[in-house]
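In the two complexes that follow, chain A is the common piece, with chain B as its partner first and chain C second.
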Partner chain A sequence: MIEHAGHLPGLDAQALRWRHTSHAAWGESVTLALPELDEAQATALCESVRNNARARLKRMETARIVDAIDAANARLLDRKHPLRRKAEHLLPIVTGYDRETVRLGLTSYLKTFRRPQLLRFLAEDFANPAVLDGFQPTAKGGFLRAHGPELLLHVWAGNVPALSLWSLVCGLLVKAGSIGKLASAEPLTAGWFANLIAEIDPEIGQCLAIVWWKGGEEAGEAPFLKAADTVMAYGSNTTLTALRAKLPITTRFLPHGHKIGFGMVGHEALDSRKATALARLAAHDVARYEQQGCYSPQMLFVERGGRVSPAEFARYVAQELTAIAHRHPRRELAAAESAAIAGWRSTQATRAMGGAAELIGEPSDPWSVVHVETPEDLSPTGLNRTLKLVAVESLDEVPALVAPYRNFLQTAGIAASPKRLFQLGEELAEIGVTRIAPLGRMTAPEAGWHHDGRFSLLDLVTVTEIEQSTEAASEGFAPYVD
Partner chain B sequence: MKFRDRAILVTGASRGIGAAIAKAFAAEGGLVVVNYRTNAEAAEAVATECRALGGEALPIAADVTSAEAVAAMAEQIGQEIGRLDVVVNNAFAPYRFDPDNRARFWEIPWESYSQQFEGAVKAAYTVSRAMLPLLQRRSGASIVNVASDLVTRPSIPYHDYTTAKAALVGFSRNLAAELGPLGIRVNCVAPGLVYPTDASAATKEEVREMLIAQTPLRRLATPADVAGPVLFLASDWAGFVTGQTLHVDGGLVMA
Partner chain C sequence: MTVVTQAEIVEALLAFIALPDAMEAEFEAMALKVFAWQFRHNEPYKRFALQRGRTPLTVKRWRDIPAVPITAFKDLTLSCTPPEQATHVFMTSGTTQGVRGRSYHPTLDVWKRSMLVNFRKRFMRGRERIHMGILFPDETALPNSSLAHYLGLARRECGTPDSEVFIGANGLELDKLFAVLAEAEASGEPYALLGASYSFVPVLDALAASGRRFALPEGSLILDTGGFKGQSRELTPDEFYDGLEAAFGVPRASCINMYGMTELSSQLYDDGNAVSHPVKSGPHWIRSRVVDPLTGIDLPEGQRGVIVHHDLAHFNSVSAILTEDAGEIVPGGFKLFGRVDGEASKGCSVAVAEFLAAARG
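Right, the complex of A and B next:
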């Protein structure tokens, strides 16, 4: 079976070149066909998406778009729907994540795009979401109208299932003609979603395309980079730097680079009863999506002074990772990924020899936990369930340990009393942390969150103001003027 | 070779059930710490047999009710082996299983109970606590405590001995609940009358025949019979089993 990726309204599938890629995991394999558009096809597609967005999407009420997204989501949430079944079958093979992780992950993620959440999402960024549909009076006087770009290009990265839907939905909500470039590691969900939208509301489907080109390949990407008004891109800083260099100066660039998540556990959370439950939640955050997400924790800072010591907590987390691996086996790693873990482990093992660290578990375990008793700066691990726990005398030490990595900060998981949560929150906000979540929810941002601390919808729009005096002046030219 | 590269501590391993357990681990490639209290010669003989069976052996003398002696043993294991995967708490306070001359309840001083508690519970407590840091170094560690089927079915009321073994079962269940979140399993093996051992030498033929008659498998346990279930509980075949008591008595007790 060959699964064709993408959504290419107006293009003849027969006339396209398709690049076939093979994926195998969990004893099954699948061949995907990814569209490779030539320059003329790409240019035509950009043109048609832009024109359709201008003629149709821009003239629709936001409510209609919300309804279409909600309906598409309802189908993907319906476990009996053929597309949902296909997603549950193919995504584990393509991404390597186990079936349960994919199934549970899809549901918990997709349900943040239901109608009520979409409305909240709009309300989160716009005091009056009606500015997307027409001029609205503002508090200072005058009127305001917001427009999304005519052509928004998404450049996706990574293998977390369905992650692309986040920015795709943002684009649609601000009525942007949207073209998404699939990530080679998860090139399916965005296309399926776009096809569903097209099926539910064909007019919206015309304003949306999902494409693919080989990353960095000049010929494939040039027409898209030239045509887009705004580019929202994901990836490493190297990739993003290269991409930015190719964009015209007038193009808005909204990059989302790699991030490192971390957790903080206060002594008040480390009593005999709470500690084991918390260890489970922490292990869950580590195991979910194999730390491939920007929000995944790579380090936990654990405070001394609780009944359960940081060293003991490290063991609880290790055992929870063992238990989780039975239910959610780690995906098969590529050679480079195994090498990254082996490299990280051997560095830790060397330190352990000197007594500076304690390495828990065997190289054959599908996880690695290391625990150190002396404070150290935030640092990336080997990913794929590798975690470092750092004992600290007080959580107050942590902001200084993570501050040097400001550009890589995003999510901090905190287990501490309400008073300390807000104290630490103040300090973390100051050094660039943009999201604070409880342990266990680090990899599941709530609906309407502010990705990398930005206003996801507001960042996409341009507002047009009719100043109060303009309105007053126009009165002088009214036909009813006395 | 189920226990190749694994280190196993068997307490009271110089004779009887302990010796049989030590040899069974050795036959599966294990490195066995043959703990004993006084009989160095017997322990050395067990160690020699262990090596002949394809395993490794390290005899260490230690009174398992003495925290100092056990700490020294843990220190030595840490130094010489550097790891520990299994602890079998087999040693117990000296006891004579003599149905004809057993003391009846009103004849038993509290000191006898106390001595049995020391031998069963305090020994398991002392050894488990001292070995815990070593057990935590590796994943998949486990503890097996040797109890008795008399806890469930006091065929002959050996009050002090059996009450202490009952306490050991309770101790093991609590330990299983505590150490589960750390990945360490704790189980018990509960043999019926094991014959021949030094302790059971005084059990008369008539009593043995009485037990055999009520045992579905129609014989008494041998030391080697006990070893198999101990190895099973210590192995990853029992990787999802903790807090359990496995009766090894030919079906005399079914629970």
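Right, the complex of A and C next:
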């Protein structure tokens, strides 16, 4: 069986060139066909999405778009729906994540795109979401209207299942004609979602396309980069820098670079009862998506002074990682991924030789935990269930240890008392942390999350103001003027 | 019998190197002796071995001697004698993080013997001396470079008196080099050009730019080592050796690549680069394995993994070293496939390489 990726309204699938890629994991394999558009096809597609968005999407009420997304989402949440079944079957083979991780991850993630949550998205960014449908009075006087871009290009990256839906949904909510470039490591969900939308509301389906080109390949990307008004892109700083250099200066560029997550555990969370449960939650955050998410923790700072010492807590986490590995086996690693872990372990083993670190677990274990007793700066691990725990005298030391890496900061997981949560929150906000979550929820942002501290919808729109005096002035030209 | 003093282990090693060859059992016996020495005198290595439950009492096979990751030479002082007693400290060129790996040598006797015996066999191939040109600074300019010492020793012991170094205070001396090459070409006497791989690149570029090429006499040789390390543009093996053959008239089969490192006291060679990725091997006092990087378990022939060297000549430090080089065991030795690079994340989490790049600014 060959699974065709993408959503290409108006293009004849027979006339397209398809690149076949094979994926294998968990004893099964699948061949995917990714569309490779030539310049004329790409240009025509951009033109038609833009024109359709102008003629249709822009004239729709937001409520109708919310309905369509909600309905598409409901089908993907329905475990009996054929597409959901296909997703549960194919995504583990393509991404390598185990079936349960994919199933649980999909459900928890898709729940953020149901109608009430979509309304929350809108309410998060707009005091009055009706500005998306027409001019609305503003508090300062006058009227305001918000428009999404006519053509929004998403450039997705990474293998985290369905991650693309976040920006795709945001684009649709602001009525942007949307073209998404699939990530080679997860080139399925966005296309399926777009096809569902097209089935539910064909008019919206015409304003949306899901494409693919080989990352960085000039010929494939040029027509899209030229046509888009706004580009939302995910990837490493190298990828993003290269991409930005190719965009016209008038194009709005919204980059989301790679990030590193970390956790903080206060002494008050470390009594013998709470610490076990907390270790399980921390291990869950580490194992979910194999630390491939920008929100995944790579380091935990653990405070001394609790009943359970940082060294003991490290062992608890190691135990929980062992337990999780039974239920959710680690993905099979590529050679380079093994090398990354081995390299990181080597460095830690070296430090252990000097007596400065304790390396828990055997190299053959599907996880690695390192514990150090002296404070050290935030740093990435080897990923794929490799975690470093750093003992600190007080959590107050942590902001200084992470502050130098401001550009890579995003999510911090905190286990501390309410009072300290807000104290630490203040300090973390100041140094560039944009999301604070409890341990166990680090990989599951809430609906309406401000990704990288930005406004998911507001960043996409351009507003038009009718100043108060304009309205007053126009009175003079009314047919009923006295 | 265990060795007690440094003089004893040096003597035992010199005798071992002098053997015509060593069978598995002989290598094993010597390897265990060296391991016992290093376990006793090298504190960080002892800790490393203990953490793995590998001690001279439990280790019975040379393959079980614990291999230290090569990064350890950057962070730790791995020496059986106090480092201040070292007559020579060789340092890596500091390729990754600005921190340089160090090897301490309280004597160069074993290092030199290891180098010469093997160099004569693998490069000189029965010749007493050859006219050499060296494309690398000498050991006065780079006292901490093991390669500078290696090439210096080669020139003194195996080069004719008129052999010369073509890198001076002002860099590569191209005009002088080309003049000597032209003389060598006319003389009919074989000539040998030796240097870092990246030193050859500007020479190739200069020759290409002027449209000039040499046809060195039959029997001439080229030795390159170390790859490009960001010091020159990167060439594929085929581009590089085709380039050498075209520029100097030395067939690829006579272009030998030496594979060595600061963290070893012996070198490994191929027998020419007629094809890319030729088989490499070392002398009987070094044995190489290919392991799974995560588990450290030996991989079967033909399967790609990370190379481990057990170099008995590196007696004062650690003999068993887990490199960052990818390789495959094949009949007669192993194939080398460059560095094993850790991959960026498949998702949107930042991985080590990107983080370090940013931290360096």
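Here is the rule we use: the second predicted complex is superposed on the first by the 482 of 482 C-alpha atoms of A that agree within 3 Å, B and C clash if a C-alpha of one lies under 4 Å from a C-alpha of the other, contacts with A are read in each partner's own complex, and residues count from 1 in each chain.
The definition used in the following text is that contacts are C-beta pairs under 8 Å (C-beta built on N, C-alpha and C of every residue); 3 or more make two chains touch, one makes a residue touch a chain.
If you're wondering where the values come from, they're calculated on a predicted model, not measured in any experiment.
Taking chain A as the reference chain, the count of touched residues is higher for C when chain B and chain C are set side by side.
Using the contact criterion defined above for the overlaid structures, shared-chain residue A:319 touches chain B, although it does not reach chain C. Touch criterion met: A:279 reaches chain B, while chain C stays clear of it.
When the two structures are aligned on the shared chain, A:24 is found in touch with neither chain B nor chain C. In the overlay built on the shared chain, the residue A:237 is in contact with chain C alone; chain B does not reach it. By the touch criterion defined above, A:347 reaches chain C but does not reach chain B.
In the superposition on chain A, A:361 makes contact with chain B only, while chain C stays out of contact range. Comparing the two complexes, no residue of chain A contacts chain B in one case and chain C in the other.
Contacts from chain A toward chain C in the complex involve residues 157-160, 163, 185, 234-238, 256-261, 289-294, 296, 298, 334-347, 349-355, 359, 363-364, 379-383, 404-405, 407-408. Across the interface of their complex, chain A is touched by residues 136, 138-139, 180-183 of chain B. In the complex of the two chains, the chain A residues touching chain B come out as 276, 279, 312, 315-316, 318-320, 322, 360-362, 365. Across the interface of their complex, chain A is touched by residues 44-45, 47-48, 51, 68-72, 74-76, 292-296, 304, 306, 322, 324, 340-352, 354-355, 358-359 of chain C.
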